[in-house]
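Chains here go by letter, A, B, C and D, matching the order in which they are written, and residues are numbered from 1 within each.
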């Protein structure tokens, strides 16, 4: 994998959050303030634009640029969280031109650590962590078992989606949804939902590049 | 008029530009007080930076007007950072505002306790420190509807924000140093509690849809300022009954001393007429007196809002002499003005 | 909460008592400025009557808050006579107010041009004259939506009322005599024009029903301040297009001289958030400048309202030096305050 | 006819405007400000109360008291108009204890003159005058033709009702409805509607007393 992987990952995210924009807005309206779809769409549109202006950079630098762009265009909770996540992930790759599956796991693990550090959320708090953490763990485990990257990413995306659904029955303890107390139960977390889209986009980008 | 019609019950051109166009209007109306830096999307006091004066900035999502841009001016904020509607601004705005107002004596960031605001302000404060500016941050979290806990996001920042900006702004104007001004913001927050109720939701321009539906005859109890539903829904009682619930929620948490002098702030959420706000104030005033408080200062109006939401909130601040003195000090902003 | 629920989206106890309870709250909040005479249902300036000062009173139906009670105080009204919601007060109130504020120099009645207000004030002025009080009356009729004619009720009084109360109030405060103060009210009315639009109706508490239904995406053009429909309904265009219609309506009737200095008053009808009002002001300011006016003063906010109606109006006043001086003079009321 | 006629007339008005309150509010909401039903109900409830406190007075004085009460409790346009109307009507009767049909015509004529004088409205302006003037004229004409009071009043009430309906197709030139311009066409005037109730109440009061 290389810079092109990152670029097509970001393009896939852009396309899928745009396609799911209204759905994310709806989910956020139910237990938040109804802007998550707009936030993610605004942010990743800016990321795609920013990457276009920086064609020659190595993959780590592109991730850092993507993260910086999110921080400076999204706002809200998701801007700093995803922004720091991509910046931390990018730093793992340094100036390398290519990276392998094992390094991809470290990128995602650094992203997860950064989200948890900044937001102090754990699995079960009904946040994006509920989708991101199982995805990272599943990818790490499958690769350790010798599963090839493609199927391993498919399992990671499925794990993120399962994590996303796992937010439905629980009560939020972080983010705006926590203000609702028990009324947050029964609703799927918007940030976990877009996180599942982000991991699914990664899987698609990698499959595409290898086909 | 246009063939393509605007399908929202709003005056706007393009939902993506509503904040910018509103800020341009604010600046056009109040050019004597403030300027709008379009590129950086910040509202800055006309005469900033003021050498030697501690500066105050605040910010957050838009849709809460007059908060915060309407509070930029003499004796209150030095700058405001408006985000998109109900979306925290980004660290670049806060950094730009911090740099624009720093007069060498330091800058206080007044941050409402929402994950987005807290995280973005945190990044900006780190960047400002890197550039050698002394910055302190105070997080406002006065909303008693939300149970406080180590394991949750904690309480929201609501009405106390307005009071803290006014009172600490006066302290800064009078020459207090960074530690002192920071302490005043904290003190106002510590001694304030708020509780809000809604009779309708509101429609963010970007989505064009109400955040929730509330049938007539129902009330959302324990709402914040982002058009979100409250902690629970109940049949709407009389104004007296609603005020009973609100005052009880505030006082049982604030636990003011008997005989305390308080400031009672009855705030409209944007769509509630003054006729009703004063009716509520009358009930609040009676109830506070019955509970042994003395409401020696008050503020009645729509100062921290959720677009056109129908609803109201009460903030009670237990005053002391110093806070009272700074409340009374001159202020000249678009939305609050006295003594000048 | 109560078993019997309140089926309106309003904070109230009893529709029949909403005005009285709101006035009680106003008095509780602003006891330093005014008092509420419950028996006579009038709001009177705390220090009235002021010996030797010309007094100004106004009044009309309630539901237009802060008009008029919110404008009682130094440099503005001496008393306000609030009727039931959207119903002119009765002559007894006006007579009582006239007697309560007369300091020997005479009393000016500022009357909005509605049949009810005009007839009731007329009866009161006759009664006051019988009691030996010098009374003059000025009828405000600035609404260009209504064609003026000898054979009709004429134009409505809307936004110019606020400006006339402020400006003439300052003249009276500065010691001007009855003829002079009366003339200033007339001058403000003559040099002002207004036009209003609505995006929703409103719900009078007594009936509990919206006066009309307006689907989203439609606008009523040429509305008054009683929740009534306008002269015509049209598809709602962009804010720019709406402001085009409003400014054109006002200027084509006012016909100000090129280069005129004007006061532009963008008024919210009660349910329109400040975010939108400032956006509108930005457009108005641009358009007035493009038409060769200089908007040297402005007022943006909800000052003469129709309960919770979503909508806005523009009033343009062609200033002269004297009117500007009196506009700038100190005022201290619940709703307008500066210079003090 | 005597003081009791006036009292029962006022009671009949009170009952009928209360019964028609919502209808009058609706009519006023369409082309005015939606308070006419409340105004009339508040006013005539106060009139009935006031008359109760003044049992011994002659009919003219009762009408004057009723008018004064309307002026001081109604407000709006209808308060001064009906208030002056009843006061002017009452003055016609002076201190007489009884009055006949001819005098009743003069009472109503004085009331009409007072409304027209104060409000400067003529028939066709879409106001209460459109119902009041035909009623007065019809009563005068019928009595002049020798028709007994009962049937003459029946005809007057019918004329008021026809006048009320005649306001539907025309454009208002007085009162709030005039602000609507052409949009006032097609709606029945609320003041003309309550005026028809007032005349009908008079007819009922007289019939009752004679039965």
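Everything that follows uses one rule, which is that a contact is a pair of C-beta atoms (placed from the backbone, for glycine too) under 8 Å apart; a residue touches a chain by one contact, two chains touch by 3 or more.
As the structure is a computational prediction, the values presented were derived from the model and not from experiment.
Contact counts per chain pair peak at B-C.
Greatest Cα centroid separation from chain C: this falls to A. The distance from the centre of chain A to the centre of chain D, each centre being the mean of the chain's C-alpha atoms, comes to 75 Å. Distance from the chain A centre to the chain C centre is 54 Å, each centre being the mean of its Cα atoms. With centres set at the average Cα position, the gap from chain A to chain B is 32 Å.
Across the assembly, chain D contributes no residue that touches 2 or more other chains. Multi-chain contact residues, meaning those touching two or more other chains, occur in chain C at positions 85. Arrangement of the chains shown, judged by which pairs touch: a linear chain-to-chain path with two open ends.
In this structure, the chains touch in the following pairs: A-B, B-C, C-D. By the touch rule above, chain D contacts chain C in their complex via residues 22, 25, 29-35, 37-39, 42, 71-81, 118-119, 173-176, 178-181, 183. If you check the complex, the residues on chain C that touch chain B are 1-3, 5-14, 18-19, 21-26, 28-29, 62-63, 65-66, 70, 85, 199-200, 216-219, 234-242, 245, 270-283, 285-286, 298, 300, 302, 305, 307-308, 310, 312, 334-335, 337-340.
Chain C contributes residues 61, 83-92, 114-116, 119-120, 122-123, 145-147, 151-153, 156, 204, 206-207, 209, 211-212, 224, 226-229, 231-232 to its touches with chain D in the complex.
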